[in-house]
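In the two assemblies presented below, chain A is common to both, partnered first by chain B and then by chain C.
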Partner chain A sequence: MATDAAGLVKILEKVAEKISENREFLTELDSAIGDADHGINMSKGFSAVVEKLHSQKIDDCGAILKTVGMTLVSTVGGASGPLYGTAFMKAGQAVAGKSSLDFQDFVTILEQALEGIKYRGKAQRGEKTIVDSLEPAVDILKDEKDSGDKGLVMEKALNAAKEGVEYTRSIIAKKGRASYLGERSIGHQDPGATSCYLMLQAAIEKIKEMSVNGL
Partner chain B sequence: MKKLINNPEHVVEEMLEGMVAAFPGYVRKLEGFNVIVRADAPVKGKVGLVSGGGSGHEPSHAGFVGRGMLDAGVAGAVFTSPTPDQIFEAVKAVDGGAGVLLIIKNYTGDVMNFEMAGEMAEMEGIKVAKVVVNDDVAVENSTYTTGRRGIAGTVFVHKIAGAKAQAGGTLDEVKAVAEKVIANVRSMGMALTPCVVPAAGKPTFTLGEDEMEIGMGIHGEPGTMRTKIMKADEIVEHLMSKILTDIPFKPGDEVAVMINGLGATPIMEQFIMYNKVSKILKEHDIKVHRTYIGEFMTSLEMAGASITLLKLDEELKKLLDAPADTPAFRQF
Partner chain C sequence: MVGIVLVSHAPKIAEGTLELIKQMTGEKVLIETAAGTCDNRLGTDPVLIGEKIRKADTGDGVIVIVDLGSSIMSTEVAIESLEEPARSRAAIADAPFIEGAIAAAMEASFGKGLQDVKNAAENTRGMKKIA
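Entry: the complex of A and B
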């Protein structure tokens, strides 16, 4: 599998669509342990991303991801803006200058995104954050990146992310506004871990669809 | 919801424009950004002070922009941190060559957005330092959580660091004195009623007609205790016992006191609170150097108040006493 810049934009459009479909759901999750704006802010940010990507044609995949990051940072606000913004900017740096991306690049992008989120949020696994869904997925992608069946590897990574989301229900929030709730945060699924899973799901669905179509 | 507004989406911009219209000699707004800077910014050779956060805490932060306090106040959406691009513009606008200090309240979003702005400024060659204010004793201080929130005590950081910068302090010196204030300032608040974020249109939380919440945050974050309403003296006793034992404050200490109304608390009630605060301080043999009563760090139309104590030494006293002239804080 490989994709050019136009393909990358299509993947990002799919991610934006998924976030927009889950606007209410993410906001609802956030209202239980946060300030009830995660879905609203994320979908606002990704609408701006799509608008921005349509307003200019970029051939450099790194530059596209950097544009996504900058746009999220200036439109999402709160903590999610800097976190996802840093993730995309860091991913963009790692593939700067590339006009097409292969599976190894996909792994690098997610690896760097995770690095960016951990750096910005000073978070580790087990603190009820984005890291809890993203890191398990990245671990699988890294471990099995040379496997012959890329489709299966992506499927396994996505499942690991989903299990990560489930895991956030069982733990106490140690970062962000939810941490003020202490034990009262147990039983609630983390909105950030969830939005990250949804983004991953959208990207993988689109990559698979494009591979089938011979892209 | 009853509100004296035109459009929930325009509240921040209209407020800032109104402030500039009212105080043109003091402040101006950066075109295209929700940033208020000193009318004469950048002040050449002076360390620039930038603070900010979500809107809804007026007069914080833009109201404290002026001689002897802040150089810029960055206003995010109501209760939402401003984004790094906005903060970065503020930093650029107030950098007079001596560097810029970012004064951040300890909330996850604020810290991340200000840090990103700081990194952007450093890439442009501007010297930036930051301090994070965490004066709210209601939240347990643990390295494993986000930690204590920044509330009304932040205004003392604005005042004292502002005086140090105005007196020609270097970036390191201004940062050091800001850190000293942070180490010596403690606050705690309580709420009688919630507030309504204009865009949301409904209260951020609910409290029964006869209930109050002790330790409530300035965005309606959960406090430490929800109980039946008590008498003002009992409430003050509770807040003061948490505050006094925290540093702890000792007999013979000198302090500055701030009673901060959260938006819908009559001045009458603030003085009733201070009456008890003053008695408690006397009992503990703690001397009051200065008292501030009014609205400094509000939470829209929330009813309730916070008490802040700042332990003073000679340096802090001198800087606190220095003149300041801003739209919302004047001392001569």
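Entry: the complex of A and C
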């Protein structure tokens, strides 16, 4: 068994809730090294996502993710719009036509999301971006996707993302507004890496709470 | 004639640049601005950028001049979601915003093609201001 479209919407609602709870926190992080709008932009984007998902019932999980991506692209306003938007759209393509998702699909979704972000942002690990938290998590999920204890694998992936966020404190920003700060960006944790970790955390919490069989 | 779209986070930047250009090219060149978000925040909106590219395209293509960060990614998303043939005749110039916009507009006003307009904008990179 796996999660159906309604379950996926619940996971996305939880992600939106997490972003909204951390609106001030993300903006505070962004005010130190960026343009002080990350929390505002992300919560605007995700409230539009929730509104959109509630206005129509979609049974295709791929179409749901695509809708999320397109909504983020058109409502966020900052760099996280095209970045997370592309991530969700690319993930949606990979599971297009599926009415339910299993753990392998979850791994595929995050793998494709990472590819989308790297394609759009032309970023590599070590540049103080979303990639620094997402890639370590995806690596673990890919390496251990056949493990018997999926819950443990997700925990490990989430921990890797958290360590990735911590790591961004120690490096110089190479992308976006923060790159204008050069060495002065050291010591600050990256808002994008942080929002990505929070989204993963929300998704994994919800998946566990729904205790979907097979996941 | 090649059209031009000015993409900035700030409407004032795009409109001010447009004013500067019009001193030189008047109404000869079709120039659109796509700046700020749909709810009047500083930022960029791929949907608006896409609309403006379509509006500026009279058949000879469009060069987009961008300011910082998300303006580039938002424009890429906008171009990728255009239908052909508009899609393959829209391009971003890797150029400084004001200088690039003026150079592109001048070149377009001479009736030059897409690649020439793009080159004119990009040739302003590294231009010395003090001799």
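As a working rule, the second predicted complex is superposed on the first by the 210 of 215 C-alpha atoms of A that agree within 3 Å, B and C clash if a C-alpha of one lies under 4 Å from a C-alpha of the other, contacts with A are read in each partner's own complex, and residues count from 1 in each chain.
FYI, contacts are C-beta pairs under 8 Å (C-beta built on N, C-alpha and C of every residue); 3 or more make two chains touch, one makes a residue touch a chain.
Since we're looking at a predicted model, the values are computed, not measured.
After superposition on chain A, the partners chain B and chain C collide with one another. Shared-chain residue A:His188: touches no atom of chain B or chain C.
In the superposed pair of complexes, A:Lys66 makes contact with neither chain B nor chain C. Contact with chain B, but none with chain C, is seen for A:Ala36 once the two complexes are overlaid on the shared chain.
Looking at the shared chain after the overlay, A:Leu83 reaches both chain B and chain C.
Of the two partner chains, neither chain B nor chain C is touched by A:Lys118. Of the two partner chains, both chain B and chain C are touched by A:Arg177. Taken together, the two complexes place residues 35, 37, 73-79, 81-83, 85-86, 120-121, 176-177 of chain A in contact with chain B and also with chain C. Across the interface of their complex, chain C is touched by residues 35, 37, 40-41, 44, 73-79, 81-83, 85-86, 120-121, 176-177 of chain A. Residue ranges on chain A touching chain B, taken from their complex, read 35-37, 73-79, 81-83, 85-86, 120-121, 174-177, 179-182, 184. Those residues of chain C whose C-beta lies close enough to touch chain A in the complex are 37-39, 41-47, 68-70, 73-74, 76-77. Within the complex, the chain B residues that touch chain A are 76-77, 79-85, 107-109, 112-113, 115-116, 139-140, 144-146, 149, 200, 204, 217, 219, 221-222.
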